[in-house]
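A, B, C, D, E, F and G label the chains in the order they appear, each numbered from 1.
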Amino acid sequence: MMGSLFLGASVFLVICIVLAMIRVIKGPTVPDRVVGLDTINTLVVVAMILCGAASRESIYIDVAIVYALLSFITTILIARYLEGGEI
Amino acid sequence: MIHNVPYLAAVALAIIGLYAVLFKRNLIKIAIGISILESGVNLFLITLGYRENAVAPIYTNLPEGTSIPEGMTLPVPQALTLTSIVIGVAVLALMLSFAVKIYQHYGTLDSREIRRLRE
Amino acid sequence: MIVEILIYLFIAIGLTFNLLAVIGLLRFPDVYTRLHAGTKCTTFGSIFLCLAVMIHALRIWYLNGEPSSSIMPIHTLIALIAILITNPTGAHAIARAAHRSGVKPVKAVVDDLEEDRECHSKKSST
Amino acid sequence: MPFQEIINIVLPLMIVASAVIVVALKDLLAAAIALAVMSLLLSLEFYMLHAPDVAIAEAGVGACLTTAILIFAIKATRRMEDGR
Amino acid sequence: MSEPSKIVKTIASIIFPFTMVFGIYVILHGHLTPGGGFQGGAIVASGIVLLLVAFGSAEIAKRVKESHLSILESIGALSFISLALLGLSTTFFYNFLAGSNFIFGRIPPFGSNPGDMNTGGVLPLMNISVGLKVIAGLSAIVLVLSLFARSRKQRKR
Amino acid sequence: MNKIAILMVFIIFSCALISTILTLRPFGEPKSTEMDDYIIKNAQNETGSNNAVTSVVFDYRGFDTLGEATVLFTAVAGVLLVLRRNAHE
Amino acid sequence: MKAFAVTAIVAFVAYLILTAGSGHLALWSIDEIIIGVILSIIVGILSRGIFVKKSYRMLNPKRWLFGLAYIGPFFIAMAKANLDVAYRVITGKIRPGIVKISPNLKTDLGITMLANSITLTPGTLSVDVDEKSNDLYVHWINVKDEAMKKMPRDYRYVCKNFPDWIRRIAE
């Protein structure tokens, strides 16, 4: 019961990711694309947590923590490149 | 046919990667193409090992009522993919360092131009 | 029973705000306003979705009583804290990089940062 | 489980779409960003196929290290694919 | 112009120890939860990328020298091969510690269990050695590439 | 001439890949061999590890990991060899 | 030495939170605790000068209590922020601008907390920070005319009384 509820929520999130990818495809400048990437990061972390809860596996949530910590590094790396500083 | 979409996606990734390797002229783009090809192979291997209504082959806090051999995905393809990913990043780094060095020598990243300049 | 209603409510709120974030990402005209939508709404929505998962897991822990069922709520909390810390900082980094790489805010009424930077460059050049 | 099937149909299509963008874009920095999106979605797909080990490896390598190496290489050479 | 902003620096200094703790957690719990030597090594190397981005390579040069990295890599490779060789009385890569009631020598009960750190035989030790190797290798790659990019840029000026 | 050869290679490879896919088993029902069932059943007893993937990586197929470590070492050595001399100049 | 101790203790606590539920010794097993001690020493050595710089101000428990109390108004402001963004997404009414505010915060941690709170609260997004005077440049989605009159802009229009809260927490 609860499992299919969480899975349905993650299907909805996947559809949100499809919409956010339109911004990554269209984005006229590179910062627009980075904004899309950032949004997709958060959505994917939440989708992972929901699917872990749906399949009743508590150990799956570690993957979400890894993503939440590491996606930040990618974002500031690209931001540093864009503002022209030495990395 | 509609259920076989992951297989088709794996093949499509491989074909896209192959296209980038064969038809693009920028060396960094070629390296990216090889990376995409390798992602396709990884996806194919993982898809081969997937079982419907199964969980990962890890016994820690397994949900109750899992039948032991049938209720788990196959572990061997996952292990192979694991080694493949680390090899992939190492090889990508090697290719990119060669590309950077070539740019330093010839001042261009175009593969045909480099071939012409070398002669 | 009331717990289930709470879970349904939280999931509905979270999904609504995530959808709003994505629509805002598509509709707004420039980088800064898109960042408004993409940061605030996704953070808020993910707080509620994580809370729903945590309530569900805490109920299992309460019914079950084994220490090993405490792993799921605690790890979800850690992931939520990581999102809460890193998300606004990433937005700040992107906004700063966009402004420095020359993206101007569309239809801006006032731009103090641009004025200050021009003043600064004039001073240093003279 | 129809939801699982929907996810397993939509996600691979998105992965292929992002791969097409990677090859089509002329700006190498944008291509690197699209590659990061692709590896993100690939990791989610691995997760849905119940391979969390591989998902963690793809997350750690694809989210940070591949992008970092690519951006360092782009910084050492030049950003556009063709043109001076 | 070239410094990253104060906010990014502060958040990076807060995040960095937790990234390290989580990476080592993933390495050490490789035989219980998803993870292992490669994954944890990639996470720790990403932590080093975070330092590189937020504080510049001077900060890293204070802490880590190239000789440290090569020593780490050698230690990892040597301990991996010697752990494999120690089981040679039966076969190469024989798990000689499992079931011996020595360190890491317990056998978990069959089926679902909450996970015990003291199991797994040589697998945790191998995880640690491969983790050291991956940390050293990937950080060396990233550091050398970033140094090269910087030296190129200075020459252009 | 050269371009036509490349195009031929591309088309042949693509056709081979697509025709392979059409003959595969349906998604989600793999042919489970004896090896996989053996590993899933006995990994916990033989290696004492809860995670079957780790026991495959380091125990049943340790040679693969050895090869992987060699490749990683070679790649790192190659990168250092190519780039390091330049950083010192 | 003190920096090392603080970092190691924080790492140890983080490890304990990560491995909660592993045994019956009040949620932890004895093996995990032994390994946690070793790990915290390693992490302390690795990141001794990064996590704690010079000030030990945050060791005071009163500041942590204020930090907990800060969650309440912050969450209310965040809910308002989201309703506001929802309104602007649907109607498309925006009047953006970048304004400069001087909240007079001195420490790095304080300015970081303020910037992150500003990013998550109604209609504002921190764009840049002045390295010397700690002035914040804020992108405001709906600029009010009252705030534009004086040149050192009044920060109460942008971020209510958050600087006072943060002064109590971090300074």
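To be clear about the criterion, a contact is a pair of C-beta atoms (placed from the backbone, for glycine too) under 8 Å apart; a residue touches a chain by one contact, two chains touch by 3 or more.
Everything numeric in this text was worked out from a predicted model, so none of it was measured.
Participant: Which chain pair is joined by more contacting C-beta pairs, D-E or C-E?
Facilitator: D-E
Participant: Which chain is most remote from chain F in terms of Cα centres?
Facilitator: Greatest centre separation from chain F goes to chain G.
Participant: Quick check: how many Å separate the C-alpha centres of chain A and chain B?
Facilitator: 20
Participant: Roughly how far is chain D from chain G, going centre to centre by Cα mean, in whole Å?
Facilitator: Each chain reduced to its C-alpha mean, chain D and chain G end up 31 Å apart.
Participant: Per the centroid of Cα atoms for each chain, what is the distance between chain E and chain G, given in Å?
Facilitator: A distance of 29 Å separates the two centres.
Participant: List, in ascending order, every residue of chain G touching at least 2 other chains.
Facilitator: 18, 21-23, 115-116, 126, 128
Participant: Chain F: which residues touch two or more other chains?
Facilitator: 27, 44, 50-51, 53-54, 57, 65, 72, 75-76, 79, 83, 86
Participant: Give the residues of chain B that touch two or more other chains, as numbers and ranges in rising order.
Facilitator: Correct list: 3, 5-6, 8, 19, 47, 49-50, 55-56, 58-63, 68, 78, 82-83, 85-86, 89-90, 93, 96-97, 100, 104.
Participant: Note which residues of chain A are touching chain B in the complex, please.
Facilitator: Contacts found on chain A: 55-60.
Participant: Where on chain G is chain C touching in the complex?
Facilitator: 17-18, 20-24, 27, 78-79, 81-82, 85-86, 88-89, 92, 94-100, 115-116, 119-120, 123, 125-128, 137, 139, 141, 143, 148
Participant: Which positions of chain E touch chain F when the two form their complex?
Facilitator: Per the stated touch rule, the residues are 30-34, 36, 73, 77, 80-81, 84, 92-93, 95, 98-99, 104-108, 110, 113, 115, 119-123, 126-127, 130, 133-134, 137, 140-141, 144-145, 147-148, 151.
Participant: Under the touch definition given earlier, write down the residues of chain G that touch chain E in their complex.
Facilitator: Residues 7, 10-11, 14-15, 18-19, 21-23, 29, 31-32, 35, 39, 42-43, 46-47, 50-51, 53, 108-109, 111-112, 115-116, 126, 128-129, 131.
Participant: Quick check: in the complex, which residue numbers of chain F touch chain B?
Facilitator: Chain F reaches chain B through residues 6, 9-10, 13-14, 17-18, 20-21, 24, 26-30, 32, 35-37, 39-41, 43-44, 50-53, 56-57, 61, 64-65, 67-68, 71-72, 75-76, 78-79, 82-83, 86.
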